[in-house]
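Okay, so chain A shows up in both of these, paired with chain B first and chain C after.
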Partner chain A sequence: MSERTENVSRHKLNVRKDENKEEMVQQVITFALMILFTLIAFSMVILDISSYFIKPTLLLLAGVQVAFQLFYFMHMKNKGHFMPTIIMFGGMTIALATIITFTTIIWW
Partner chain B sequence: MSHDDVLNPKHMPHDPEKATLEGKNKFVGFWMFLGGETVLFASLFGTYLALSGSTSGDNTPENLFGLELVFIMTMLLLTSSLTSVYAMYHMKNHNFKKMQLWLGVTVLLGLGFLGCEIYEFYHYIHEYGFTFRSSAFGSGFYTLVGFHGGHVLFGLFWITSLMIRNQKRGLNLYNAPKFYISSLYWHFIDVVWVFIFTVVYLLGKVG
Partner chain C sequence: MSNAIVQQRGIGAMIWDYITTVDHKKIAHLYLVAGGLFFLIGGLEALIIRIQLMQPDSNFISAGLYNEMITMHGTTMIFLAAMPLIFALMNAVVPLQIGARDVAFPFLNSLGFWLFLFGGLLLNVSWFTGGAPDAGWTNYAPLSSTSPGHGVDYYVMGLQIAGAGTLIGGINFLVTIINMRAPGMTYMRMPLFTWTTFITSVLILFAFPALTVGLFLMMFDRMFGSAFFDVTAGGNAIIWEHLFWIFGHPEVYILILPVFGAFSDIFSTFSKKRLFGYSAMVFATVLIGFLGFMVWAHHMFTVGLGPIANSIFAVSTMAIAVPTGIKIFNWLFTMWGGSIKLSVAMLWALGFIPTFTIGGMTGVMLGSAAADYQYHDTYFVVAHFHYVIVGGTVFGLFAAMHYWWPKMFGKVLNEKLGHLGFWPFFIGFHLTFFIQHFLGLMGMPRRYWTYFEGQGLATGNLISTIGAFLMAIGTLIFLYNVIYTAIKEPKASADPWDGRTLEWSLPSAPPFYNFKQTPLVRGLDPLWIEKMEGRKGITPAEPLGDIHMPNGSILPFLMSMGLFIAGFGFIYQVDNKLWFIAVAVGMGLFFASMFTRSFKDDLGYHIHKEDLIEKGDGKE
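Take a look at the complex of A and B:
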C-alpha cells in the first residue's frame, strides 16, 4: 500500500474514532439524565408527595427513560434503523392494546 | 479471497456488526424478536395490573415492597447498561481486550442484580409467607418479575459464553454481530426493568 492511501485510511480511522467518541459523550449524558430521573421518581414516592399527578408523572419519567435507552443506548436514532423503528413501534402499539384490554375488559 | 479473509479483514469496517449479510440479518431478526418480547412483557404487565388488587391478608404491595433494595437493583442494572455501551464503543474502535473487560463488568453488575432479586424473593417467602400461590397478586408478581429475572439470568449466560468462546479468537466480522445483539438484549432487559420498578414498585407504594 502506498504512503498516500495509508495516510488516507489512517485519517478515516481517526474521523471514525472521533464520531464514536462524540456518540459516547451523548450516551454518558443520557446515562446521567436517566439516573436523575430515577432519583426524582424514587424521591417522589419516598417523600410521599400526594398529588393527583404523581401516577402520570412517574409513568412519564419511565417513558422518557425508555426512549433514552432505545434511541441512544440501542442506537435507534442512528442511520439504518428504519426497520427496527417500525418493528418496535408496531410491538409497542400491540403492547398498549394488550394492557388496555387486560385491565379494562378481561378482568375488572 | 477465502472465507476466513473476509471475516478477518486488515482494516475493520465502520460497523463491524453489520458488515456481513449474516450480521445484517441477525440485526433485523433480533429487533423482530425484541418487538415480540415487548408484546410478551405487555401481556404479563397487563395481567399483573389486573390482578394486583386481588391480595390476601396483609400481603399488599404497600406492605411488602421495600424501596431501598429496589433502588439498589435499579442502579446496578442501569449502570450495567452503561458498561455494555462502553463495551460496544470499544468494539467499534476494534479494541477487543477493552470490550471483554467492560463486558466482564456488565456481567458482574448483572450478577449483583440477580443476587438482590433472589434475596428479595427469599425474604418475601420466608418472612411474609408471600408465595406464588398465596394470592392472584402473588401469581402476577412472581410471573412478571420472575420472568424478567429469568431474562437477566439468560443474558448473563449468553454474554459469558460469548466472552469465553471468543477469548482466543479476538474480534472479527463473524463474532461482532453476536456481541452486538447480546448487548441489545441487555439494554432491553433494562427497558423492561424501568417499567417494573415504576409500575410494580413505585406505583404499588403509591397505592
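Take a look at the complex of A and C:
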C-alpha cells in the first residue's frame, strides 16, 4: 500500500518536472523573441524607414509583446486564469469602445 | 456578539461597535439604515416637487429651489438610496449564500461603507451652505461647469468620495464570489442573487472609472481653471455627456440586476419549484451586463451624433429586450404549476412583473432613435425611468427586505402590515407615473418649474401628486411595520419560508462567524437537496476547527472622515486659499490612517474549537 502511494507521488513529481521543463523552454523562447522584436523596432527607427510602414509595424510588435507578457510571463495561458482573462478582456473591450467613440463621433 | 450583550453594554458601546465593525452582517445594517435615511430624504424632495407641480402657475417653491430639488432627488435616490440599499442586501446575503464566513476584504468592506456615508453627507451639507447642486442629476456641462455658487462643487466632491466607496465594494464582492465559495459551490450552482451580484460587481468595476474621470475633469474645470468642457477655450462639453453615460447606463443595470436575482430566489422559494431555465437566466444576466456597455449613446440621440451612430445604438438598445424577455418568461414559467404562497415578498415580486414590463416596453419605444426626437426631455422619459427604477429596483428592494428580514434581524416582518403597505404604494405608484406618459406625449417638458393654466396639463398633474402621497403612505406603513416587528413579533426560526439556498440553513440571525463548519454543496438549491433526502441541515465539508476572524477597526471611519474634511477644503479654496489648510488636515488624517493600516500588523484572532462546541451549533 505504502509502496504504491510512493510510486504515485513519484510519478506526480516526474510529471511536474516535465511541465516545469516545458514551461522554462517556452519562457526562454518568448524572452528571445521579445529581445528580437525590440532589436527590430530600434533598428527600424534608426534606419529611418518610411513612417507609413513603421507605425503599424511598431504597434503590431508592441501588441505581440503585450500578449507574450500576459500569457507566458504572467501565466494567463495556464489553468485557473479563466476569470482574470475574461475580466481583463471585458475591460479592454469597454476601453476600446470608449476610445472609438472619442475618436469618431465626438467632433472637435 | 449577540444583540443582548451589546444592549447590556449600553448605547455608547453599541455605536462604537458599529463604527469599528468589519462584520458583513453589521455593515449590511449600516448600509440599510443609511440608505433608508437617504431614501426618506429623497422621497421628501419628491413630494416637494409634486406639490409644486400640483396646480398651474404654482409658487410653492421658487424656480431656483426647484432646480435644486430635482437635482438632489435624482442624485440622492440613485447614488445614496438605491445603491446602498442594494449593497445592504449583498452584504447580508451573498456570503451566506456561498457558504463563506465573511467577504474577502472585511476592512475594505467597512471602508466602502464609510466612504459612501461621508460622500452622501457632504452632498447634503450643501443644503445648509448656500444652495444644493442645481444642474440636474446628469450634471451636463456647460450648465454645470458655469453654475454659480458651490452647489455643483458639492456634487463633484460628494460623488467622488461616495463613488470610491462603491468601487471598493464592487471589487470586494468580485473577489469574494470568485475565491470564497464553499466546496462544491461551482459557478453553475450559485443562487441567482449571487450571480447577479457577481455581474453587478463587474459592471461597477468597469463603469465607475468613467464617472471618476468625468468628475475629475469637472473638478479641475470648476476649481483649478482648466477648460475641458469650455468651448471658448477649445474644450468640448459633449465629453461630459459621453463619460457620464458610459458610466450612467451600466449604472441603471447595476441598480436592476441584483433585484432580478432577488426576484429569482423569491419566485422559486414561494412557488416551491426549482428556478425555470436556470442556465438561461445566468446567460441572460451576463448578456444584459455586456450589452449594458454598448448602448449609452441612446441617452444622447438628439445631441447630433449622426444617423449611423444613432442607428447602431438604437439596434443594440432594442437587443437588450431579448435577454430581459427571457427573464420575464422564466419567472412566469417558474410560477406555472408551482405551489404558490402569496407572502408579502411574493406580492411585491408579482407587482413587479407587469410594472417592469411596461417600463421595458416604453424603453424600446424610446430606443428607436427617430421616435426619440419626440419623446426626448418630456415627461414620457420621466414616466419610463420611474417605471423601471421604482417598479423594478424599489419593488425589488421591498420584496427582498421582506424576504431576508429574518436573516438580517432575526424576526419576520409582520405579514398583515406588509400587505397593507403594498397596496397604497402599488396603486399610488401607477397613479403617479402612468399619467405622466400622457403628460409627456402632450408636450410637458421635464425639469420645468411650472406650467400655465389652459395647457391641459392640470388634471394629469393633480392625479400624479395624489399618487405620490399614496406612495408616501405605503412607505410610512412599512416603517411602522419595522418598528412594530422589532417590538412585538417573536424571534424567527432558521427557515421561515421553507427556503432552498444556504442562508436558510443558518439560524436567524446567524452567529457572527456564520458557518461553524464550512458547508458541502451538492447541487443547485443545496438546502432543498438535503431536505429532500431527509436531512436536518447541510453536510459539513470540514471537521470542527478554530475559526480565524478579523479584528474590528476605526481606521475606515477615520480615512473617510479625512476625505470629508479635505472635500470642504477643495470646494472653498476657490474663495480663500486658507482653505488649503482643511485639505492638508483631511489628507493628513487620510494618509496617516493608511500608514497605520499598512505598517501596524493586525493578524486577527481565533475562535477556539472548544468555545464553538460549548455554544452548540446555534440552531433553535
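Here is the rule we use: the second predicted complex is superposed on the first by the 91 of 108 C-alpha atoms of A that agree within 3 Å, B and C clash if a C-alpha of one lies under 4 Å from a C-alpha of the other, contacts with A are read in each partner's own complex, and residues count from 1 in each chain.
One rule holds for everything that comes next: contacts are C-beta pairs under 8 Å (C-beta built on N, C-alpha and C of every residue); 3 or more make two chains touch, one makes a residue touch a chain.
Model, not experiment: these values are computed from the prediction.
Chemist: Once the structures are superposed on A, label A:T101 by its partner contacts, choosing first (chain B), second (chain C), both or neither.
Modeler: A:T101 sits against chain B and chain C alike.
Chemist: What is the contact status of A:V66 with respect to chain B (first) and chain C (second): first, second, both, or neither?
Modeler: It touches chain B, and chain C stays clear.
Chemist: Tell me the contact category for A:R16 with respect to chain B and chain C: first, second, both or neither.
Modeler: A:R16: touches chain B, not chain C.
Chemist: So, does A:M83 touch the first partner chain B, the second partner chain C, both, or neither?
Modeler: It touches chain B and chain C both.
Chemist: Please determine whether it is chain B or chain C that touches the greater number of chain A residues.
Modeler: B
Chemist: Could you tell me which stretches of chain A are touched by chain B in one complex and by chain C in the other?
Modeler: Common to the two interfaces on chain A: residues 83, 87, 90-91, 94, 98, 101-102, 106-108.
Chemist: Considering only the defined contacts, which chain C positions touch chain A in the complex?
Modeler: Its residues touching chain A are 174, 178, 202, 205-206, 210, 236, 238-239, 242, 246, 290, 293-294, 297, 305-306, 309.
Chemist: Inside the complex, what are the residues of chain A that reach chain B?
Modeler: 9, 13, 16-17, 20, 23-24, 27-28, 31, 34-35, 38, 41-42, 44-46, 54-55, 58-59, 61-62, 65-66, 69-70, 73-74, 80, 83-84, 87-88, 90-92, 94-96, 98-99, 101-103, 106-108
Chemist: Would you pull the chain A residues touching chain C in the complex into a rising list?
Modeler: Against chain C, chain A makes touches at 83, 87, 90-91, 93-94, 97-98, 101-102, 104-108.
Chemist: Residue numbers of chain B touching chain A in their complex, please.
Modeler: Touch list, chain B to chain A: 11, 14-15, 18, 27-28, 31-32, 34-39, 41-43, 45-47, 49-51, 67, 71, 74-75, 78, 81-82, 85-86, 89, 92-93, 184, 187-188, 190-191, 194-195, 197-199, 202-203, 205-206.
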